[in-house]
Amino acid sequence: MAVLAHAEAGEIAARLRNLSLPDHQDLRTPENGLVMLRGRVGGDGAPFNLGEATVSRAAVRLASGEVGFGYTLGRDGEKARLIALCDALVQSRDFGGAVEREIIAPLREQLMVRRKQAAAAAAATKVDFYTMVRGEG
Amino acid sequence: MTTIAELPPGFADKVLSAQSTFRSVMDAMARPGSVQRIVPMAGAPGPMMRGTAAIALTLFDHDTPLWLDARMAESADVTKWLKFHTGAPVVQDSSIASFALVSNGGALPSFESFALGTSEYPDRSTTVIIQVESLNSGRSFELRGPGIDGVAALQASIKPFDLFERLHMNEALFPRGIDVVLVADDAVVAIPRTTRIVSKGS
Amino acid sequence: MYVAVKGGERAIENAHRLLAHKRRGDQSVAEISLDQISEQLGLAVDRVMSEGSLYDRELASLAIKQARGDLIEAIFLVRAFRATLPRFGASEPVDTGTMRVQRRVSATFKDIPGGQILGPTFDYTHRLLDPSLAQGFVPERPAAAEASTAPTPRVTDILGRDGLIESSPEAEDGASVGDLTREPLNFPADRDLRLQNLARGDEGFLLAMGYSTQRGYGRNHPFVGEIRFGEVEVDFVAEDVGFAVPLGAIELTECQMVNQFKGSATEAPCFTRGYGLAFGQSERKTMSMALVDRALRARELGEEVLAPAQDEEFVMSHSDNVQATGFVEHLKLPHYVDFQSELGLLRKLRQEFSKASAETNTPDAMKEAAE
């Protein structure tokens, strides 16, 4: 599900359109709020409050009863609703496989490509100290 | 057992409904003893009145610890509904509560057990929300204080019967003290800490 | 006497209209978009997010546009906006050890596991203005290299294994995390509150304070153990869901400063630490923060508090640029009544002075003085 939080609402919506969705309703209409982001002293010590982030959330219920929750950074309520819908669908026997196959897997693929590109660009700036000639003879 | 999916819904229009409810509670606080109506309706779980539910959806959040009386706390519907819609943490220790929800006024604990605020921050006190039988019939009360032009008359059927005697402690504590909100269905009356009772009829 | 002054409504309204006009500038020049600000003035956005204490690139970009590029005004706008939203809760503490690093350098060790990665940096540029950037500049594609899959442990973790550096303070059981946006500050303040204050603090103020420690005002002999910048995942335990849900990723900069060692008869000497963490790529900010964090630990480490950067009340009360600008800038608002009373007092004192000096100049007084 983490993959969905990294995707754009439009990408999720476009892929959802390929499925014939069951009836569902908003259990919690999308709303925006804040989450206090925490760090740790020294990176690994006691927690402290770093600052807040905007977060959007929603909850969706399928006619068959499954309840899905959607949380995402930012203020895109529609994205939160789509994540909630996917979360509910994943739990359903009829749709779980299709959501994983048609939505999550391809989005994961895209995310990995983006991450790989960023990592490759960073790796090119890695310092190679061993190109220096050493003075030990 | 009720699942989240079966819980009564929150406000249909969160922003406008919360604003309208906030206005009603604010007017009630500004004009102690006056009966205000809460217009927007949300579903109310278990023993919670619909006015109380609207106030909860408007004023409670993650930062407002909540104390529930036994009747409220025993209802799984109430606790689940509050958790889902407001996120307010329910606490056992009433002295750290921002709000208290009381459905059975007859068993109201002593006000001293709630947060009374500090001299530096008198606002850090518990606002006690008590559900009562009626706010338009019953005994008559005459109230005085800031926000009241002369005397305000209130007819109400309230438990505990000695509510106003108990609120005498607000006189000595000021600026600390307890603010009370009375709810009967969709009617709401506020008795802030500055309000004094002058007479009580039958 | 109380003097009520009213008026100026039309002037204020017209001033705001003029401001809007000036903000837009010459309308034959294309309007700047939020995407342009977010993509091309990214470090300004990072600063507004850090000091506005709200991670939201789009809002920070809007604030910068609305504030005409005045970053402190933009920070003010962001702080005001955040007050309108409910808080759902607090995230799980982020793990900077699992950061997908875009940049990571250490000044203490040449060879660190995972390597030194320069990333997008101004370091080693010649600081010469580049006229080719003025218009139509198309950058080359970034070079690519095989990325290592080896973990990139924090340098302080490596030093910690041999006990050469003090370990981070552990959370006390059941202790709540201080939040200065909810509870007013009291002194002495614990390190969680100090770090929160510094994370929101003005970069310029922290830079000056950090610099002062290097120049001898609270010297603590710093080395950059490590600076890292990149993405970390954020998880949040939502009350309604009941378990941790992923919210997505944020960019952070972390600075681990390795400082002057301490030791005693009972404790083997080891290096001490200062810590900096901020939203986005905020290197100067996190380095300054780490220097000041270390300086503020003077009391805890048994050092004499002599310099401003070691005085937590001084630092924490003056670090916030929204508070500071509010108090400084309020001076330009009408103080007519205050000033009238000062003026009256001054006139009276001057009268008394001239009366007194007239008396000392009379012949009698001169005679007395001569005797």
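Which chain is which? They are A, B and C, in the order written, and residues in each are numbered from 1.
The rule is short, and it goes like this: contacts are C-beta pairs under 8 Å (C-beta built on N, C-alpha and C of every residue); 3 or more make two chains touch, one makes a residue touch a chain.
Computed from a predicted structure; not experimentally measured.
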Far-end chain from chain A, centres as C-alpha averages: B
Between A-B and A-C, the pair with more C-beta contacts: A-C
Chain A and chain B: spacing of chain centres that average the CA atoms, whole Å: 40
Euclidean distance of C-alpha centroids - chain A vs chain C, Å: 29
Of all residues in chain B, the ones touching two or more other chains: 4, 84
Per-residue multi-chain contacts in chain C, two or more chains: 86-89, 240
Two or more partner chains touched - positions in chain A: 28, 59
Chain C to chain B touching residues, read off their complex: 86-89, 182, 239-240
Of chain C, residues touching chain A in the complex: 49-50, 53-56, 58-59, 82, 85-97, 100-103, 110-111, 115-119, 142-148, 154, 156-157, 167-172, 175, 177-181, 191-193, 195-196, 199-200, 230, 233-234, 236, 238, 240-241, 245-250, 252, 254, 256, 273, 275, 277-279
Sites on chain B touched by chain A in the complex: 3-5, 9-10, 14, 84
Chain C-touching residues of chain A, taken from the complex the two chains share: 1-2, 5-6, 28, 32-55, 57, 59, 69, 71-75, 115-127, 129
Touching residues on chain B, where the partner in the complex is chain C: 4, 61-63, 83-84, 87
